[in-house]
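Each of the next two complexes has chain A plus one more chain, namely chain B in the first and chain C in the second.
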Partner chain A sequence: MEQTALPDKRYEFTAKSKTLSYVLIAIGIVSIGISFATHSHQAWSNLLWNNFYFMVIALAAVFFLAIQYASEAGWSIAIRRVPEAMAMYMPWGAALMAIILIGNYIAGSGDGHYIYHWWHHDVYDPESPEYDPIIAGKSGFLNMPFFIVRVLFYFTVWVGFALYFRKMSLKQDLEGGSSHHLKLRTRSYQFLVLFAITSSLMAWDFIMSIDTHWYSTLYGWYTFAGLFVSGISVMAIILVVMKRRGLMGHVNQHHLHNVGLFMFAFSVFWTYLWFSQFMLIWYSNLPEEVAYFVVRQEQYQGLWIANFFINFCIPIFFLMTRDAKRKPMILLVMGVILFIGHWIDVFQMVTPGAVGAGGHIGLIEIGTMLGFLGLFRYVVLSHFAKAPVVAKNDPFMKESMQHSF
Partner chain B sequence: MGHFKESDLRLPLILGDKTAHDITEDVCRPIEGKANKWWWIAFSIACAALLWWIITVSYTVGTGLGVWGENKTVGWAWDITNFVWWVGIGHAGTLISAILLLFRQKWRLSINRSAEAMTIFAVICAASFIVSHMGRPWVAYWSFPLANQFGSMWVNFNSPLIWDVFAISTYFTVSLVFWYTGLIPDFAVVRDRAKTKARKFWYTILSFGWVGTAKNWQRFEEVALVLAGISTPLVLSVHSVVSMDFATSIVPGWHTTIFPPYFVAGAIFSGFAMVQTLVIITRKVLSLENYITIYHIDMMNRIILITGSIVGVAYLTEFFIAWYSGVEYEQYAFLNRATGPYWWAYWSMMTCNVITPQLFWFSRLRTSVAATFIISIFVNIGMWFERFVIIVTSLHRDYLPSSWVMYSPTWVEIGIFIGSLGLFFVPFLLFTRFFPVIAMSELKTVIKSSGSQAKKQSS
Partner chain C sequence: MSKKLVHGIFDEEDTMMQALTSLKQAGIKVKDVISPYPVHGMDDALGLNRTRISICCFLYGITGTCLAVLMMWYMNIFDWPMDIGGKPSFNLYKNFPAFVPVTFESTVLCAAHGMVITFYLRSKLIPGVEPTVYHPRQADDYFVMTVEAGDEAGAKAAEKALGKAGAVEVKS
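After this line comes the complex of A and B, so read on.
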C-alpha cells in the first residue's frame, strides 16, 4: 500500500477558544431560562427547533462520510476529519432530544401544552369533547409506545454508525492497509439503507406530526435536502476557518470547489423539493393540505419569503461560477448565510405547527441558537483536536492529495 | 510524482492493453466493415415493427380515437403509459453525460455515446404517442404559443400539459446538440480514415470541418461544459414536469407531493435498465467487451439498485401516507391498486421494480452478464407497469362509483406500442452501423490513468 508522508499536524483547542464556547452556552442557558420564566409559548418549540437543527447537522456529517466510503470517493480523504468531528455531536444531539421530549411530556401533562398535539389522550377518546377522528385514525402510528421504539431505533443507528466511522478511521491512521476501507465501505452500505428509512420516518415523527392533521409524501425527502445543505455549509465553515489557521495546507482549491459544488447543487435540490411540495399543494388547493401553507404565508410572511430568498436566490447567484466555489472567503460567507437560512427553514417547519400564529424569531431565539451553537462548537472542536487534521493511510490518500480537475 | 496516479483499488476501465490506435480501429470497424447476419435479422424485425407502427397510427388517425379502448372514465391509458415509459428511458443518457460528468465518473466514457443515442430515439418515441393521441395531429403545432394567424387558440399556460410541451422540446433539443457536439471529432476520425469516396463525402459533411487544432479542442471542451451545465437541471426538470401532469390534479393516487423526485428516480432507474439491455447486446455483437467491461456493467447495476430502492421507498411512502392522511378516497385508491381488479398489474410492478433490483446486492449477480440482462428486462417491464398502475387504476375508480369501469386495450393500441419499439430500434441499429458507438476521442484521454497497460506498469 502507498504510504504518504504527511505532516502530523494537530489542531489545538485553546483555553481562549473554549471560553468562547462557554460564553455561548451561558447565553443559551440564560435565553432558555428567560423563555421559561416568562412562560413564553415558544419555550418548548424553540428547544425542539434548535436541537433538531444541530442534531441533523451531525447526522448530515455521518451521511456525508457514508456516501464517501460507499462511492469510494478519492478527493474527500483530505477533508474527512471535519465531518468526522461533526458526527461526534450525534450522541449529544440525540441525548438532548430525548431530554427535551421527556421534559415536554412531563411539563405538558401539567399544563396541557404539548409540542405534539397527538400526545393528548383525549383526542383518541370518542367520549371526550376533544375527540379528533382524524388523529384517532392515525393512532396505529401516532401512539406513544411505537413512537418511543422508533426514536430509540433512530438514535441507536445514528450514534452507532457515527462512533464506528470515527473509530475505524483512527484505527486506519495507525494500522494502514485496505482492510479498514473495505469494512467501512460495507458499514456505509448498511448505514445508507438505514438512513433512507430513518431520515424519512424521523421527519414525520419529529416535525410533520406537529401539524398532526397535515401530511405530505415529500416531507421526508424535503427534510433530508435541508439537513444536507446545512451539514455541508457547516463543514465548509469549519474547513475554511481551519485553512486560514494554516492547518489545512493540503486542502487545495479543487477540494474547496467540490465542497462549493455540494453546497450549490443541494441548495438547488432543496429548492426543487420546496417548490414541488408547495406548488402541488397550492395548485390543487385542497383545504386539508393547503392549511399548512396558509398559516405560513399569512402569519409568517417575512420569514416565509426570507426562507426561499436566502436558501435559493443567494446561493444560485453567488455560488454559480467556478471561481466563486474556489475562493475560501466566499465559501465561508455562503456557509454562514446558508446555515442561518436553513435555521429559518427549520423554524418554519416547527414553530407555526407548535404555537400557531404569533411565533417569532427574537433575541431569545437567537440566544437559544447561540447556546446550542456553543455546545456544538465545543464538542466538535474538542474531537477535532483529538486526532491529526489529516486522516492517514487511506488507500485513496494519494488521489486526494493530488486532487485536481 | 509525475502525472496523476489512481489508487491501486481502482479497476481498469479499458482492458486488453489497448493503445489509442487500437481504440480507433475497434470503434471504426463496424462503420468500415459489413454488417453481419445478426444485425440484418434484427434490422428486418425492427423494420417490420416500424411498418406495423405506421399502419396502426395511420388507422388511428384515419378513423379516429374510437379505435382505442379508452372510454369516458379512463381517458388516458396505454398512450400516456407509453409516453411516460419512453420519456423515462431517455433519462439515463442525460444522467450519464451530465451528472456523471459533474461527479467525474470516468466509466461514463464508454457508454455515454450509446446512452445519449438511446435518449434521443426514446424521446422521439415518447413524442409520437402525444401526437397520435391528439386526434387531429395535423394541427399539432397548436400546442405551441403561436400567433392567431396560424389558426390556433392561445395555449393555456396554467396547464401542466403545456409545460410538458416546453419541457420535452427543450430536452430533445439540448440532448441532440450535446450528442452531436460530442460526435464531431469522432466523425472527423472516420472521415480521415475513409477509403471510399462516398464515406469521405458524408463524414466530411457530418464532421463540420473539424481539423483537431488546439483551438478546436478548446472550443469543444467549453461547449461541452456549457451543455453539461444546461443538461443537469434537465435531468430533474423533464420528468418532474411529466409527473405534474398527474400530481396537479386532484385524482386520488395522482395528487401527491412526492411525485416529481420519485418520477425522476424511476426514470433514471428505467433508463439504466434499458442501457443495460442495449449495451449488453451491443458489446457482444460489435466485440466491445474490452471497453464496456464487467466493471461498467457493475457500476450501472449499482445505479439500478440505488434508484430502484429510492422508487421502493417512494411506493411505501405513498402507501403509508395514503393511510396516514385519513382521506378515504386516497386510502381506497391504494387499496384498489393492491387488491382491486388490476391487482396483477400492481404486483407485477412491485415484483419487477422493488424486489428484482434488490438481487443486485449480490456482487455475483451484479457482475454476471446473463443475470444483468434478465433483471434489466424485468425492470423495463416493471416500469411500464408502474405507469399503467398509476394512470389506469387511479382513473378507473375515482370519486363517483357510478362511473367506475374497466379498461382494456384494443389491438390498435397494442400495435402502436409494439410498433414504437420498431420506431426506436430502426434508428438505434442504424446508429450502431454508421456512428462511432463509443466516444473514442474522449475515451483516449483515460488510457494513461485507467487503461490496463498503465495499471500494470504502475504496480
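After this line comes the complex of A and C, so read on.
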C-alpha cells in the first residue's frame, strides 16, 4: 500500500456547506420559538430529547476513541479523525444540556411544570398535599445538590477526555513517536472506567428520573447500547459521505466492514436489552413497573412498534450479510435509518414520561431536530476541516492502511 | 489414482504465503493448504470459493425457530393452555414475549450444532473414517501445501518449485 498519497489531505468546509448548517440552525430556532410561543407542553421535553440525542452521539464518539486506544486497535486509525471531530461536539452538547436544565428549572419555578417531577419541593414535604412517599424515599439520590454535583462530574469527565484525545492526536500528527500513543492508552483505561459509571448514572439522571416512580436496573445499559448505535451510525454516514467526496480513498472495504459490524452487532445488542427490559416487566406484571410500558404501548403504539421495527428488523435483514457491510451505499442508508430510529427511541424514553399521553412527533419536533443537527454538523465539520483527514504519525498507521480480513 | 498429489511442508507462515504466490506465477495449481491456525488472506491467495456454511447456518437457524415456536404453541397454547404472566389470553401472538428467549436459544442451538455437524461431515471427520495425514505435524505447527499434478513431469516440476519456494520437506 502506498504511503506517499496520504499526508495532509484536508476537508474544506465551504461557505455553501456552512450556509446549509446556518439554514438548519435557523429552522431549529424557529421551531423552538414556535413551540414556546404556542405554549406547547412538549417544548421543554423536545429540547431535552434532541439535545440529549446529539450529546450522546458525541459521547459515543469519545467512547469509540477510548476503546480503540485501550485495545490498541490498528484498523481504526484510518477513520479516527471522524470520531475525533464528532467528539468535539461534546462541549456544545454539555453546555446546551446545562442551559436546558437551568432554563427548565427557572421556567418550572414559575409555572410549576418541571420535566423532572422530583424537582418539586412539595413531594418531599410530609405536610404537603403533594407529598409523595415513593419519591421522598429516593431523596438520598434524587436531591438537587447531589444532582448538580453529578451532572458537573459527567460533563467534566466527558468534555475533558474529548478535548484531551483530540489534543494528543493532533500533537502526534506533528511530533510522531510512540509516547502519545502510550499516554492515550493510559488515559483511555481511565476514561473507560469513568464512562462505565457515568453512562449508567447519566441515564438515570437525565432520562429515567423523568418517570420518577419507575425504575429499571437495565436502563443504563439500554441507554448505552442506543447511544453507541446512533454514534456509530453517524460515524458511518460521515465516513461514506467523505469517501464519496474522494477524501477517504485510504478507507477500504474492510474498514467499512468493521463499521458495519459495529452497527449490526450493537443494533442486536440494543434489541436484546430493549426486549429484556420489556419482557421481565411484562411477565412479572407489577403495577408500579408496567405503568411505564402501558403509556408507551397504548398512547404511542405506532412509534412503539416503529421503534422496534426500525432498530431491529431493518438492520438484521439488511446488514446481516458480509457483502452488505462492505457497500458504502448500504452503510449510508442504514446509518440514516438507524439515526432516525434511535431518535424515535430517545423520544420514547423522554416524552411519554415528561408530557404523558399527548406527545407526538410533528413538524415542530422535526424542525427542532434539524436545528440541533445543523449545530452538530457545523461543529463537527469545522473541526474535521481543521486537521488532515488521516492521523498520519500514529505508530499503527501502516497496519491500518493494510487492514484486511 | 489418476492424479498425483505432491505435498510441500512449510514451517513458516510467511514462507508458505510467498510460496503460494510463486507457485501461482509458475502456473502450478495449489489444491489446498492445511494450516494449524487461520491465516488471513490465505483463502484469497488459494482462490477458494466463499464458504457456503453461512447459508447452512441460516437454514438451520430458521429450522430451530420454527421447531421452538411449534413446540411452545403445542405445549402452552394448544394442548394445555397456560395463563402466562397473569394475562390469560391463550393466544400465541399475545404471549409471544414469553416465548422469545426459548425461540432464540433453540435457533442458536440448531444453527450451531447444525453447522458443526455439517462441517465435520464435509471435511470427513466422521467417527470410523480413517483421517488423511500427510505429515505427523500437519496441524501442530507445520503447514502442508497440496499440489495436484497432472502427470509424472508435472509432479517433478511441482516438487522442484516447492523445494525452491522454501519447503522444509517435499513428499509425493
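Note that in this section the second predicted complex is superposed on the first by the 399 of 405 C-alpha atoms of A that agree within 3 Å, B and C clash if a C-alpha of one lies under 4 Å from a C-alpha of the other, contacts with A are read in each partner's own complex, and residues count from 1 in each chain.
Please note the rule applied: a contact is a pair of C-beta atoms (placed from the backbone, for glycine too) under 8 Å apart; a residue touches a chain by one contact, two chains touch by 3 or more.
The model shown is predicted, which means the values in this text are computed figures rather than measured ones.
Per the definitions stated earlier, placing chain B and chain C onto a shared chain A by superposition produces a clash between them.
By the touch criterion defined above, A:Tyr131 lies against neither chain B nor chain C after alignment on the C-alpha atoms of chain A. Once the two complexes are laid over each other on the shared chain, residue contacts for A:Tyr22 go to neither chain B nor chain C. Looking at the shared chain after the overlay, A:Phe405 reaches both chain B and chain C.
Of the two partner chains, chain B and chain C are each touched by A:Tyr283.
When the two complexes are overlaid, the chain among chain B and chain C that reaches more residues of chain A is B. Look at A:Phe317: by the touch rule set out above, it reaches neither chain B nor chain C.
When both complexes are overlaid on chain A, the residue A:His181 reaches chain B alone and has no touch with chain C. Of the two partner chains, chain B is the only one that A:Ile197 touches; chain C does not reach it. Contacts of A:Phe309 after superposition on the shared chain: neither chain B nor chain C is touched.
Steric collision with chain C, judged by C-alpha atoms after aligning on chain A, is confined to one stretch of chain B among 202-210, 256-264 or 328-336, namely 202-210. Residues 279, 283-284, 404-405 of chain A lie in contact with chain B in one complex and with chain C in the other. Against chain B, the residues of chain A that register as touching in their complex are 1-2, 72, 74, 133-134, 137-138, 141, 178, 181, 193, 196-197, 200, 204, 213, 215-221, 261, 265, 268-269, 272-273, 276-277, 279-281, 283-284, 286, 288, 395-396, 398-399, 402, 404-405. Of all the residues in chain A, the ones that touch chain C in their complex are 275, 278-279, 282-285, 322, 404-405.
Interface of chain B with chain A (complex): residues 1, 4-10, 102, 104, 233, 236, 240, 244, 247-250, 255-261, 309-310, 313-314, 317-318, 320-321, 324-327.
Within the complex formed with chain A, the residues of chain C that make contact are 40-41, 54, 84-87, 97-98, 100-101.
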